[in-house]
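Okay, structure first, notes after.
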Amino acid sequence: MSILVDSSTRLLVQGITGREGSFHTQQMVEYGTNVVAGVTPGKQGEQVAGVPVFDTVADAVAKTGANAAIIYVPARFAPDAIYESVAAGIPLVVCITEGVPVVDMVPVYAYVKEKGARLIGPNCPGLITPGQAKVGIMPGFIHQPGKVGLVSRSGTLTYEVVDALTKAGLGQSTAVGIGGDPIIGSSFVDILKLFQDDPETEAIVMLGEIGGSDEEEAATFIKKHVTKPMAGFIAGQTAPPGKRMGHAGAIISGGSGTAADKIKALESAGVGVARSPSQVPVLLKEAMQA
Amino acid sequence: MDVHEYQAAEILARHGVPVNPGQVATSPDEAGAIARQFGGTVAIKAQVHTGGRGKAGGIKLAHSPDEAKAAAAQILGMDIRGHVVNKVLVVKGAEIAKEIYLGVVLDRPARQILVMASAEGGVEIEQVAKESPEKIIQRRADPMLGFLPYQAREIAFALGLDSKLVNGFASIALKLYETYVKEDATLVEINPLIITKSGEWLALDSKMSFDDNALFRHAQTEEMRDIAEENPTELDARHSGISFVKLDGDIGCIVNGAGLAMATMDAVKLYGGEPANFLDVGGGAKADQVAKAFTLVTADPNVRAILINIFGGITRGDEVAEGIKEAMERVKLDVPLVVRLSGTNAEEGKQILADAGISATDTMDEAAEQVVKQAHA
Amino acid sequence: MSILVDSSTRLLVQGITGREGSFHTQQMVEYGTNVVAGVTPGKQGEQVAGVPVFDTVADAVAKTGANAAIIYVPARFAPDAIYESVAAGIPLVVCITEGVPVVDMVPVYAYVKEKGARLIGPNCPGLITPGQAKVGIMPGFIHQPGKVGLVSRSGTLTYEVVDALTKAGLGQSTAVGIGGDPIIGSSFVDILKLFQDDPETEAIVMLGEIGGSDEEEAATFIKKHVTKPMAGFIAGQTAPPGKRMGHAGAIISGGSGTAADKIKALESAGVGVARSPSQVPVLLKEAMQA
Amino acid sequence: MDVHEYQAAEILARHGVPVNPGQVATSPDEAGAIARQFGGTVAIKAQVHTGGRGKAGGIKLAHSPDEAKAAAAQILGMDIRGHVVNKVLVVKGAEIAKEIYLGVVLDRPARQILVMASAEGGVEIEQVAKESPEKIIQRRADPMLGFLPYQAREIAFALGLDSKLVNGFASIALKLYETYVKEDATLVEINPLIITKSGEWLALDSKMSFDDNALFRHAQTEEMRDIAEENPTELDARHSGISFVKLDGDIGCIVNGAGLAMATMDAVKLYGGEPANFLDVGGGAKADQVAKAFTLVTADPNVRAILINIFGGITRGDEVAEGIKEAMERVKLDVPLVVRLSGTNAEEGKQILADAGISATDTMDEAAEQVVKQAHA
């Protein structure tokens, strides 16, 4: 098993005819993801990587039964794309787009929640259930089916750790990049819940970074509810306060959101926090044997 | 993006918030002339993108045009936390009966916008938050409906304001929230918001930051950008689509991806070095980007070695290696370079680099260890 | 029994120090309604008819345990007043105020619904459970405790019919004026549901008028779900199309919303529709004996 | 409140909707001059607050200034469904490639705002709704978020628009929704919205009504009120806080409460009469209001008898009776009056009326029956 996506996922790609959208559709199809529809207004009737293109999400859903959407449209159109997919009844929406204004995300977040849908991202690499479905932009080949659930705010750092896990013989149930923005649809806690409840996930890796307090909230949740072995890493121990480190959400402000605080919180929840990404598999194996 | 106090006041005034009249001066004479025009006491305030101006001597009262001129002469050119003062704001003195703090920020855990106020105006809100959090009154705006009048009144009453002052305060709080949303701010703050002795509300000092991701729809804000306040390398980087932050160490870092870039800095530190910068080259890592990154990193004279850390995902390692090779032909480096290449086609990439006489490691740890050694060799 | 209000109702009055608010607070207190708090910003500490006044609804609720609110504030402040009461957790809000802009009511209606609260009005006379609680502006003395539930879009027309019922020996369980605006918090259907489920309500009177299609929807509901004897009246048989008859919602537009259509709908649902208000008790008695 | 077509176009233009250029004329000469200025074909359109102008001959094409002048001369002064034409709008002729209907209304059952469109533009939407409802495409705006771009596109695609036209249509639909909400309209309609032969979108004719309850925040709209289009008695009534609607019968009605007023009209009809008006005096029914009501009702020369129907609630019957008595002293009635008084202190009230020689009945039915008899006596 796995969480959120698997071989039953019927994926719809918003912005499928764009540069990013068409490239990654090709990649996802090659990985074996069941991409059933694409949407670009005005391009109905075209095909991308063999996937039929529709003008509207509602129409695409009606004709293909899509049950997940991934968004590659430019930032200024991303909120509308999220509304469109959620309104069309799609329960899982993954927004890859970087640079969505925060003020736009406030009502988007509330709307998605009210409708009972789930949003991953924005500004995220997506998620993958190795061997079943890649719904994102990560390099598929580094992943291996297995029992480790991974959740991360980052992109390439995730690949780094996935690669290390795979090389250490630790395959993944699902790897989820939740995104690096101040407001994201799913938090660490949201995904940890799913991993804790997924019978096939036996251990969990969590990769955090500076900014906000999602890691601290995760620590509180882990203390109470997570019984599976865990290991973690927090990026940005050397980041200065008040400076945005690439991700819109990676900033230490008013003295809060430091890596030290987050590491402390996770450790006090019993999670081993690696000093370097390469250490993560080592710590995880220790936790699994404990 | 940050703006100066005088620009924040301009924006507030546009949204109907009463602000203290003021004008900007770039010379002592100009400051004196403004003081003469206003008459009476004025305050001369350094316009720099940093806090702590008061303590640093960047704010002075002047009771005459001559005093104003002298004060401006002292403040202009001053260095406050690394920021050189090029402009001062001359504002009319106000007779303060009461000082309030009023701010709007994003409440990240709640994914909502938060309006907060404190009767302890004039001091830093972080300090109040630490020492007496109960003195901060806060209300979250509804994500759909926004900040509502009754919430503004609740804050006013909780601050213990006289009932005659409640509607005036509520109106300003509603306008401040509107400013935050309409202008795509990440912070708007009036500190202090005062009641004058004649019973009027006045924003005496204000501060604003904006969401860089939303500047595309705020040309007016973008025009307020003060290039003098920005690190020229960071500015240059942004124009090339590279995220760059200058740090104090001596090991230049070039990485793809923000999270990995931070992790790389951490690894440098772990092996005894100090990163000279944060740098995320973004997706491609083509020759142009790498060459640009070299230029950005070597602009810092402190840099004694460079670490390139690329995890090839969609981008293939061989492409990255070609990019590095080509960039090195264009930008002559006079500091040692350590490359770490992993992921897609890493082996092919390493071969290309080896052929070009550039050694590459397999792991981040190895690379970090090596680059620290080479920097301090 | 009764619906919505009874002797356990702890009423809060918004706008209690205003002309309307203070007058009707006095009237409600005299009727025996348990008015526990009033709210007028800036008037905390005052009293109206012995009822303590607070600055905010939240504070009043905390201090008095109010569980219903009635609003007498001017139209431009009424939406904020509704939000304030609903946000403070009050489950029943009655808005007497006339003249609230329709565009304001669209989000108000959605908000109230989302929070699971119930709004009666605006532009309504309120509701009364005779002998227990009068939450409105109707003359109390014409009512009599009994078994007839009454629901109406009108004010004085309701009093006319209540008076006729009382004189005919038909007391009322609860009489609800839902209001004459195009968007009101509770529809005929909402109130009919409650009456149908209320064991002590044995018969139901429904008073409609021209405009909208609430009566038609009520007829559909009655056909399916209402088993209790009913009688009705529809005002405005002689009203011309395109003209607003006093109430903002009482207008025949584009040929729809006529009294004839509404009478036809109710009659096809088996509801006897009186030709004049005085006939209502007669028809109701007939229905009750059938 | 309704506005004229040319005013609706003004409001649309203010919200960024492309409208056909036009100018208003109040004389044939003026119309001719405008036609000369525009050149080519123009349309001369009667500006009246009613539909069916086309069928009534209130819209004419003119191919020259002289034709325009002649057309205006014909239309000005024309009576269309009881509305006298005082103004004509002269608009440039447009080359129509396609006509669309686009409107925003309140969906009362859903308590939401509805945007609707039809590819059958230029004809009455009610007719399309009746004959081929499937040709009307509609989307409800989210009560919190409003009408969203994807919804506008959905309508465009459902209309079968060419993909090149979709964004232009969506932009106009979004602006029309914004106009509805920002201006507190109860109806905004463009019919037809056209695509010209050169591929441009243009609002050729538009219609707007506004929420009277929201006019307090729209001074600009209130200024557009055309007094000539309003019934002077209704206008007069509104200024006194009385709801009044002129009808065609001969029995004047004065009632407290809108629902009871309608029921009273119905009772008059039931007993064989025809109501001359709807009149709700509002709460108090004091002498001033009753006197004003007498004046309003008797302004209609058709009125042959008056029925006052008051249910005393909070207002006491004795107060009402005193009010009627006093009003009758001020306004001499030369038609018979029947009063029905019920509710609080009705007996005391009836005694007061009896003492003043005014007879009063107990029930509405009695009163209606009597007043019809007296009118036709």
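Think of it as A, B, C and D in the order they're written, each chain with its own count starting at 1.
The rule we apply is simple: a residue touches a chain if its C-beta (ideal position, glycine included) is under 8 Å from a C-beta of that chain, and two chains touch if they have at least 3 such contacts.
As the structure is a prediction and not an experimental result, all values here were calculated from the model.
Chemist: Farthest chain from chain C, comparing Cα centres?
Modeler: Ranked by distance of C-alpha centres from chain C, the top chain is B.
Chemist: Any idea how many Å lie between the Cα centroids of chain A and chain B?
Modeler: It comes to 27 Å between the two C-alpha centres.
Chemist: Distance from the CA centroid of chain B to that of chain D, rounded to the nearest Å?
Modeler: The computed centroid separation for chain B versus chain D comes out at 55 Å.
Chemist: For chain A versus chain C, what separation do you get between their C-alpha means, in angstrom?
Modeler: 50
Chemist: Multi-chain contacts in chain A: which residues touch at least two other chains?
Modeler: In chain A, the residues touching two or more other chains are 107, 111.
Chemist: Multi-chain contacts only, two chains or more: what residues does chain B have there?
Modeler: Answer for chain B, listing residues that touch two or more other chains: 144-145.
Chemist: Building nodes from the protein chains and edges from chain pairs that touch, which of line, ring, star, complete or other describes the result?
Modeler: other
Chemist: Output every touching chain pair, sorted by label.
Modeler: A-B, A-D, B-C, B-D, C-D
Chemist: Provide the residue numbers of chain C that touch chain B in the complex, in ascending order.
Modeler: 41-44, 55-59, 77, 80-81, 83-84, 87, 107, 111
Chemist: Which stretch or stretches of chain C touch chain D in the complex?
Modeler: Those in contact with chain D are residues 23, 27, 75-76, 99-107, 109-111, 137-139, 141-142, 152-160, 163, 180, 182-183, 207, 209-210, 212-214, 217, 233, 235-240, 243-250, 254-255, 259, 275-278.
Chemist: Which bits of chain D are touching chain B when the two form their complex?
Modeler: Within the complex, chain D contacts chain B at residues 144-145.
Chemist: Where on chain B does chain C make contact in their complex?
Modeler: Per the stated touch rule, the residues are 142, 144-145, 148-150, 153-154, 157, 163-164, 166-167.
Chemist: Sort out for me which residues of chain D touch chain C in the complex.
Modeler: That would be residues 106, 108-109, 111-113, 126, 129, 143-144, 180-181, 184, 186, 211-214, 216-217, 243, 245, 247, 255-263, 265-270, 274-275, 278, 280, 311-314, 342-344, 363-365, 368 of chain D.
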